[in-house]
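Below, subunit A partners subunit B and then partners subunit C, in two separate complexes.
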Partner chain A sequence: MIDRPINRLRPICYYTGLIILVLNALQILPILTSVLYGEWPIVFAFIASLSIAALVAAGLMLAGAKDRYSKLSFGEGMVVAAGSWFLCMLLSALPYYFSGNYLSYLDTCFDVMSGLTTTGLTLIQDLDHVSNGINMWRHLLTFVGGQGMVVLTLTFLTKGQGGAYRMYVGEAKDEKLLPNAISTARRIWQISLIYLGIGTVALTASALVAGLPLDRAFLHGLWTYMSAWSTGGFAPMSQNILYYHSTLFELVTVVFFVIGSFNFALHHAVLSGNTKELRKNIETVTFSVTLIITVLLCTLGLMKNNVYPDAMAMFRKGFYQLISGHTTTGFMTIYAKQFYYEWGDIALFALTLAMMFGGSASSTAGGFKGMRTGILFTALKSEVRRMVLPESRVREQKYHHIRDIVLTDTVVKSAALIVILYVATFAIGTIAGLLAGFPLSMAAFESASATGNVGLSIGVTTAAMPAFLKIVYIAIMWLARLEFLSVFALISYLVRKAAQVCQKKPYSL
Partner chain B sequence: MKEKIKTARGVLLEIGFSGALIIAGYAVSALLG
Partner chain C sequence: MPKKALFFIITLALLLFPAATLADGNAVNSNDLIDHAKDYDQKTVVFEGEVVGDILMRQDHAWLAVSDGSNTIGVWVTAQQAEQLSFVGKYGVRGDTVQIEGVFHRACAEHGGDLDIHADSVSVLAVGTRVQMPVSRLVVILSIALPLPAVGLLLYVWKKRAGTRNDAIKMDTLPDRK
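Up next, the complex of A and B:
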């Protein structure tokens, strides 16, 4: 896949700077929000942060300006994607840090990575009294992270700039909805903005019905939509969705986070008139099957422990957390500790499994993704048929995603590799949780949540958890969101550059 | 106009699909819960 060695720093610097600039330019929105509400210390925090980010971005872009039109290799595109995500974490955390809502800079980095990767775990202090500007930035980061920062930047590029598709692939999106990456990125944003309008209106109306005044209903509607669509999990109140005590509000969030977990290629097909795709696509079929299996298992587990007294409570608490976990959203209508003290092992296992399965590939969601689960199941079915049936009756195995695709060994190997990497990362996160002194069920649950970019918490993620565990979770969220390969490419690139410096080899940009 | 109708139909269909999953979830909760 890597068509040329990764050895040119200049184009990497240029595109990384461009991505940082585009993402941080969005700080204008929280600045306007804070001005509107007279939150002046927060306005200054944002202005200072934006200035620093703009300086860093300008420096990188100037350093690479000479090669700005050169075409990136796949490897370089991956380094840009992974590197820009990391640098954006460091720079986009500055408003949080200056706002005084966090105990340390590490905590702010944790929350930015959690937002950008659409995870939703948070270390913020006193969320219920956080300024509107900071809340706008939290939800904006998760909204942009869902679509992808590279995807956002590509929408501003002109056709003349090379390497767009390579950076797009580096951000774990490999679907070309339209002939080139720039028009694909614009289509992704077009779809997201169509739903932004519909979702914000629906959630604002639901919040009004729940009793919020108009301006708060609008802000809560907008922010909750941003989180729901991005399968993010951030909410403006510390009680998350439980705060609203509204069945209507909960149902509307489910509608939008389920849609948000769909593949953008599926959205494009359905919104372009190919309506049959919704019931034929391997990902919607796999999602429906794994959802039903995990819901059954979870409900049986909750019944065994007599956790909820009636069907409605079971639906609003059991089913809601389950589908929120399966779509990797992380919205909650119960308190974190209730998972550990009330749910019991079977229900927790079902939820952990659902978080690992996750949503769709090339979507805002995390987890293995329905595509890979479906491919591996189809491959298993094919192998069983090969063993049971006579050779003459064994046919070529296909799966449906936009069109019928032949299941090749390469496709199966690629799907299996990513699933293995997810499981290995989950194991590392679990071991880290155990080392920090948490019991196995808590360590495994929180690790599954971080690995799947989910955001449901069993109570491990707090500002009081050890610093090493925060760093491990940051790394896990970053690796899983970019689906490992681009982070590995970045690490390999940095190691090679460091080796060159150590060996005093001629070094050039 | 034709494109807008296609988009609107697609949006309604996706909302309907999501609604069907919610109903299935409620059915499981009602049957077992």
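Up next, the complex of A and C:
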């Protein structure tokens, strides 16, 4: 397929502006929340932020309005996706900055990127006194980030708009649930909103049982659902899920973050009546296998160190953190430092491994993704079979994802490439942690958490950590969430434009 | 005093540090509790901080979330002990500052492995209060000055969009019309 190179600024500006506008228009919800609770300083903060974001978005749309109907190339679609994620980080951080809950603008950018990428690491100060408006914004960002802000914007476009699918792919989603990208985006939001209703009711009821008053139970239920479904990990209180001291609340979160970590194509199939897909799909099979292996390893490590007094405690602490890590959610029911001081090397290794495996492709989760782990394992199995069996008995290798798909070298190469990039990014994050003075186990754990967009912390991520480490983690979260290629396309585009400027070559918008 | 003896005394003091802070009634901070949880496990500690969030009632007991500024620790109290509280900390409210004396658990068997304190006594050191939240003058100015230009520019873009759409229809360049 011959595609145009990335060289037109106007459509890139237009769609980037549109995405910024749609995402930041959601600030209306925290404004309403703050008005309801009389949090007036926060209302002012949101109005100022929304106005600035609207001005920037309108400016970009104005610059590109002339070419808005021209079709984006794949490269341009990727530049729009990566560029809008970066600009949205800068603009969506303004309410945080104006609220006074952070020590620096860099910290606010860190938290926005962490929210949008559904990572869940946070640098917020005094979370227990944070306003309902800011909490609403934190959880909305993570909810939209899970589905994707491009996906959100596509739902507002009319059919036939050029390059919709190319932007959709740029946001690391490639499943076409329906014939075109806009219908697919709408279907993804339909699925998420169906679960939003069910999840909020279930978690509100659980919070009521845990002892919260009705309005707080509703807000906590809504926010925790948003965070669980998006495999985000943010919570309204500094103790995270430990705050509720409730087995029921923990179990309900497990249900929603596990469901949230599944592929949207799988949701679509199951909701369309194809329930067999749940046990046949390569990703659910891979998830079950890697979960069992890592749970066994983690339990072994915790038992060896005699960390918990009984099986119930082992389940509520060991299994919960493990499955939270595996689905890349990052909800915690222990303190960050307890990992380092109490869990021991084997359990920490199991958890690090689980965070790297991650959830499913085209879901809200991060990590390698079950699809790639499954494909690589199937390829390995196929190679071994090829070596030991006579040539006549070697058959074409297939894997099942919605339908049976032939395992080709191209598929294996593509999966291996992304896994290699994840491992390289993990290594860079670990080295950065070591350079900042943290021991290897802590540096590796936190790097795995950032790379897998997980959010579990061993205590490295605090406002006191060096600025360079915050920047490295921001870059890692961004790269990993968009699965590298879009960010590489953006960097390549910026380098080419900079080269043109340096050589004083004329170029047009 | 010989150096060896001094060294021995200092080492002994450091080793017994957790027990010493408990014995004389000095409050221990949350970082110490978490970092040296094994040392403090099953021992009576004194912990001070602000009650934040909610009082989670559980029949004749309740959970308090007590923050000393570094971390928030769950404290298991009786309903009677919880009744003496007037304010819990949240946005715009400083909660009661309390002193808790109770048994610390690194992984509480009664509560599914939670790190918590089971309070023997709860005393209110300072009653909480409503707090006036500061408003930045710059933010107020921006929030008054910017909405109108932002809405104006958006309306202009909307109008311009309609114009380019009409041009595109005239030129028959809309992709879905091809």
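Here is the rule we go by: the second predicted complex is superposed on the first by the 506 of 509 C-alpha atoms of A that agree within 3 Å, B and C clash if a C-alpha of one lies under 4 Å from a C-alpha of the other, contacts with A are read in each partner's own complex, and residues count from 1 in each chain.
By our rule, contacts are C-beta pairs under 8 Å (C-beta built on N, C-alpha and C of every residue); 3 or more make two chains touch, one makes a residue touch a chain.
Remember, predicted model here, so these are calculated numbers, not experimental data.
Peer 1: Of the two partner chains, subunit B (first) and subunit C (second), which one does A:319 touch, if any: first, second, both, or neither?
Peer 2: First partner only, subunit B.
Peer 1: For A:143, select first, second, both or neither according to whether it touches subunit B, subunit C, the two together, or no partner.
Peer 2: In the superposition, A:143 contacts neither subunit B nor subunit C.
Peer 1: Just to be sure I read the superposition right, which of the two partners does A:255 touch: subunit B = first, subunit C = second, or both, or neither?
Peer 2: Once the two structures are laid over each other on A, A:255 reaches subunit B alone.
Peer 1: Go through the superposed model and pick first if A:308 touches only subunit B, second if only subunit C, both, or neither.
Peer 2: After superposition on chain A, A:308 lies in contact with both partners, subunit B and subunit C.
Peer 1: Is A:333 in contact with subunit B, with subunit C, with both, or with neither (first, second, both, neither)?
Peer 2: So A:333 only meets subunit C here.
Peer 1: Would you mind checking which one, subunit B or subunit C, touches more residues on subunit A?
Peer 2: Of the two chains, more subunit A residues are contacted by C.
Peer 1: Between subunit B (first) and subunit C (second), which does A:210 come into contact with in this model arrangement: first, second, both, or neither?
Peer 2: A:210: touches subunit C, not subunit B.
Peer 1: A:296 contacts which: subunit B (first), subunit C (second), both, neither?
Peer 2: First partner only, subunit B.
Peer 1: Examine A:273 and indicate which partner it touches, taking first as subunit B and second as subunit C; both and neither are also allowed.
Peer 2: first
Peer 1: Using the touch definition from the top, say if A:349 reaches subunit B (first), subunit C (second), both or neither.
Peer 2: A:349 sits against neither subunit B nor subunit C.
Peer 1: List the residues of subunit A that touch subunit B in one complex and subunit C in the other.
Peer 2: Dual-contact residues (subunit A): 308, 310, 312-314.
Peer 1: Under the touch definition given earlier, write down the residues of subunit A that touch subunit C in their complex.
Peer 2: Touch residues, subunit A against subunit C: 21, 37, 39-41, 43-45, 47-48, 50-52, 54-55, 58-59, 61-62, 65-66, 68-69, 71, 98, 100, 128-132, 159-162, 210-213, 216, 237-239, 242-245, 247, 307-310, 312-314, 316-317, 333-335, 337-338, 341-342.
Peer 1: Which residues of subunit A touch subunit B in their complex?
Peer 2: Residues 194-195, 198, 251, 254-256, 258-259, 262, 267, 270-273, 275, 278, 284, 288, 291-292, 295-296, 299-300, 302-303, 308, 310-315, 318-319, 322-323 of subunit A touch subunit B in their complex.
Peer 1: Would you tell me which residues of subunit C are touching subunit A in their complex?
Peer 2: It is residues 34-35, 37-38, 52-58, 62-63, 65, 67, 71-72, 74, 89-92, 106-109, 111-116, 133-136, 139-140, 142-143, 146-147, 149-151, 153-154, 156-157, 160-161, 164-165, 168, 173-177 of subunit C that touch subunit A.
Peer 1: Show which residues of subunit B lie in contact with subunit A when the two form their complex.
Peer 2: Listed in rising order, the residues are 6-7, 9-11, 13-15, 17-19, 21-22, 24-26, 28-30, 32-33.
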